[in-house]
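Order as written gives the chain letters A, B and C; numbering starts at 1 within each chain.
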Amino acid sequence: MLSIRDLHARIGARKILKGLDLEVRAGEVHAIMGPNGSGKSTLASVLAGRDGYEVTAGRVEYDGRDLLALAPEERARAGVFLAFQYPVEIPGVNNAYLLKAALNAIRRERGLPEVDAFEFLALVRGKMQLMQMDESFLNRGVNEGFSGGEKKRNEILQMAVLEPRLALLDETDSGLDIDALRVVANGVNSLRSPDRAVVLVTHYQRLLDYVEPDVVHVLYDGRILKSGDKSLALELERRGYDWVRQEAQVA
Amino acid sequence: MTAAGPVEHYREAFAALAARDDAAAERSAAFERFAALGFPGPRDEAWRYTNLRRLESRRFAPTDAAEAAVVSLPSPLAPHRLVVVDGRLRRDLGSSGLPAGVSVRSLAEARSAGLSVAALLRVPAGGGTERFAALNAALCPDVLFLEIADSALPEAIELVFVPGASEGSMQHPRLVVRAGRGSVARLVLRHSGDDAERLVNVVVDVEVGPDAALHVYRLFEPGERTFHIERLEATVGQRGTVFVHDAQLGAGLARLDLNARLAAPQAAAELTGLFLADGSRHLDTQVRADHLDVGTRSLQDYRGIAAGRGRAIFNAKAIVHPGAQQSEARQSSRNLLLTPGAEIDTKPELEIYADDVKCSHGATTGQLDAVALFYLRSRGLSETEARSALTRAFAGAVLSRMDHEAFARVVRDTLDLRLARLLETRP
Amino acid sequence: MSTTTPDLDALVASKYRHGFVTDIESDTVPPGLDEDVIRLISRKKNEPQFMLDWRLKAFRHWLTMRQPDWAHVRIAPIDYQAISYYSAPKKKDGPKSLEEVDPKLLATYEKLGVPLHERARLAGVAVDAVFDSVSVATTFKEKLAQAGVIFCPFSDAVRNHPELVERYLGTVVPPADNFYAALNSAVFTDGSFVYVPKGVRCPMELSTYFRINAANTGQFERTLIVADEGSHVSYLEGCTAPMRDENQLHAAVVELVAETDAQIKYSTVQNWYPGDENGVGGIYNFVTKRGECRGPRSRISWTQVETGSAITWKYPSCVLTGDDSVGEFYSVALANHCQQADTGTKMIHIGRNTRSTIVSKGISAGRGQNTYRGLVKVLPSAEGARNYTQCDSLLMGDRCGAHTFPYMEIRNPTAIVEHEATTSKIADDQLFYCRSRGVSEEDAVNMIVNGFCKVVFKELPMEFAVEAQNLLSVSLEGAVG
């Protein structure tokens, strides 16, 4: 589904990704772990199409399409979803309004009829129960005055409603207490299906206690240094990252 | 039409002084500039709240006494002191010697060193005080040219501007400061004076070089019969910063135009201060930051107090010129109106011609917080004590930024004294 | 600016140059202005003597005035002798049917969701009642009459309620107030008059009636709304759809009087022709709008959404005379392409415990220049006065400008005046967030802009708020990208 080959990217003059390879198939959940500054968030931003990142080499294919050639909204409509590490506040713009506009834009792309206000509400209510979110959320401005945990839950709610084929979660677990973490994990697990894939970018393995990854990658200095199954995450938690680097140098 | 009278008076004064130095061409061009601009008319937006009719009706006599008697000198605020009487540097009254890396020259000395007279007598363009800056260039007896060498880190220097002891005179002091690349310096500019009626028309023209930081501490305390007009203009180079700490506490009618021109990338200005318009003072402070290049930053933060029959005008202006992207401008104007009969007029303006900017301003005018006042009294303070404490706290926010101890102390003491007098006489 | 001022001495001295004849029967007088033209207007409208005297006095004063030049706008010279000051409300030489109307205009109506039956009127189609509005209007009229509310064209009011007109006209905006108000006072041809009697709550938004029945009130419109003791009225002026109009200069005057405990809510949506992308053509909108909260506890609220006109020069104001009275101003002003908007408000606090709120949202795009100019004045008598002002500007594109000139003149030590303002561009991360959810860039901009303006839109009558949002989207088309 997602195929990244020799990806190089930089911000200004600073090189961040230095030849990253990654293969994600439908039905899989991948976790990308790595220390601060290894390029985790850059990878998520490049995949979602944020400005300010320059791809200097490499290819990213999504369902056989050149993902990097698409505008951010085209990626979203094609089924790529990024849960932001720091969701932005948009004062005055109603949460439900954005979500409905997004849902209908994606449905149009998929050749589905647009949902009206009633259908939308019914759909969202169901998802909100799953996220243990109060309905008043819908009528607030997008992330306006939300706590950190509320913002993250709102990201997962959007994901649950938009039902992406490829979900990228950028450190969605950071700063969450145990209850919120469970809620987020529920949201991710409910999305798992044979035709979808999830990429979790994270610093800690605690989210992986609740969402079991098929593959764990170690991202270090802009490259995937090592891949393995979920036991790798536990090992990283125990031993840190240095041993991976040393191992890679030896090899 | 109305301007003809006073302008002619100044023309006579100018004629009497002509041919006193080698800058005749510059000076007469400057005078003609003044004559062309004249006094501000009734619809002049830059003088919306300040009427100069009283000034226009006066006929102040020029003084150029190199040995004028000096009223009195306040005690020093810095290790090095320069005393300027009636616009002339009096080496006999200041401290001997200057810190390393600092030089002071007269117009004649600068000229013989090959410096441009035109630059030293430059008339900053635009704004409501261009006319008076031009008059200053025409009439100033000398120029004080203070130069801080590249990379110099001198001890603080105090410049005291005092008038000679004559009633009905006018002075046109002119100070030109050049802070060299990478230098860091602190200047205290202190304007004082007695109770005589006079006009003091000042120009301070500052150039802050690349990577330089210049701190200007301005203590303003002339007597209540002084008309004071001043243009303080700072042009800031790349990554340079000018800090102005202003304590506007004196004169009967004062107009200060404090301008920062951020003329190179990442240049910055912090223009902060306080004013106290008590008695029947009329204090008109106009602060302006021109963002002329990318990544420039400005802060304009003033606190003002008006009481008695005092009137304070505070106009802050930030202009982000076309192309000055990534600029940031912040303005804050907080004012306290202490007694009936006083007035505060404030106008924080933003003019933005670029889109990638962050600009904000806030302005408030009000009185002491009644709840806080009650709280203090319920803890046993008298009303006067409580009011005084809260008023001082209000000014304290600006005082705490005045990172020059002796300067901040004098400002605080003066403020305390004046506030005590004010609060006692409160009905 | 002196070149734009008519040579007044010559004007006063000479008779009308173009061979003016007083032809009572003609529907349109030739261009030009002198006392004879004013007498003619007054006679055409069968006005009582007091009205003519009032007009002439205003005209004589206007001759001594100069066109103001303090606003932050550039104005091409206006030749006041080239304007025709009277045109009877007859059918214009407009298109004969919708087929003849510019398809671009029709497309705009479509986007705005203008009802079919209104499109013809807006486009200036010269046909008789194409829709069944007469009966609708009659129903409204009956309902208003039952409540005792007078709502009629200004010229009818002058004839049928001269005592009310004489009592209130010019008491809030005196004829000599400013250049354009003086001109309007001399030559206004029509407008609206509203009188709500004591204790009456007007049974409907006066907008509804107005929008269906809008007459061609011309370029010098005069509106007077009087809310007597304890009454309430909500008045809506303008229309989201662009109006066809050949007059370049519009100089309207609106006066509001709120007596004791009365409330007036005045909402405006203005979408006159702004000129093309290069600034050619477009309406000059130089309006004087002022309300006086004359009685204690009265309240006047102005809400405006300004997206049209080449140049807007407009400061809906409140004179807060009555103790405990309240003035409000909520504004969205958009300047796109080459539009210039210099708008804001004045809040004059005279009475005790008077309160005012100002919320201004300015949007600049293209080469538009948007200026907020506001005055908060607290007189010594205004014990306990309060003002809160919030003034935000949004920039879209690097050739536009956003300017803020707030004047605060405070002369009472018990007053509290607060002003806050911000200027910034639409944040990239907000745009990216919306786009990464599948929303197109243009829709994302609209969303964010509407969010920015929300506090103002919520002050508009419900159905109009939706239209105003659509209007903003249409006006911003092509501003980003």
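Going forward, a residue touches a chain if its C-beta (ideal position, glycine included) is under 8 Å from a C-beta of that chain, and two chains touch if they have at least 3 such contacts.
Computed from a predicted model, the values in this text were never measured in an experiment.
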- Can you figure out the chain closest to the middle, judged by Cα centres? C
- Message: If I average the CA coordinates per chain, which chain comes out farthest from subunit A?
- Response: B
- Using mean CA coordinates as chain centres, what's the subunit A-subunit C distance in Å? 50
- Query: Distance from the CA centroid of subunit A to that of subunit B, rounded to the nearest Å?
  - Reply: 56
- Item | For subunit B paired with subunit C, centre-to-centre distance based on mean C-alpha positions, whole Å | 43
- Within their complex, state which residues of subunit B touch subunit C. 43, 45, 49, 322-323, 325, 335, 337-367
- Note on the structure: The subunit A residues in contact with subunit C across the complex are 48-51, 71-73, 75-77, 81-82, 84, 87-88, 90-94, 97-99, 101-103, 105-106, 109, 141-142, 158, 162
- Task: Spell out the part of subunit C that touches subunit A in their complex, as residue ranges.
- Result: 427-430, 432-441, 443-444, 447-448, 450-455
- Task: Using the touch definition up top, name the residues of subunit C that touch subunit B in the complex.
- Result: 70, 380, 393, 395-425
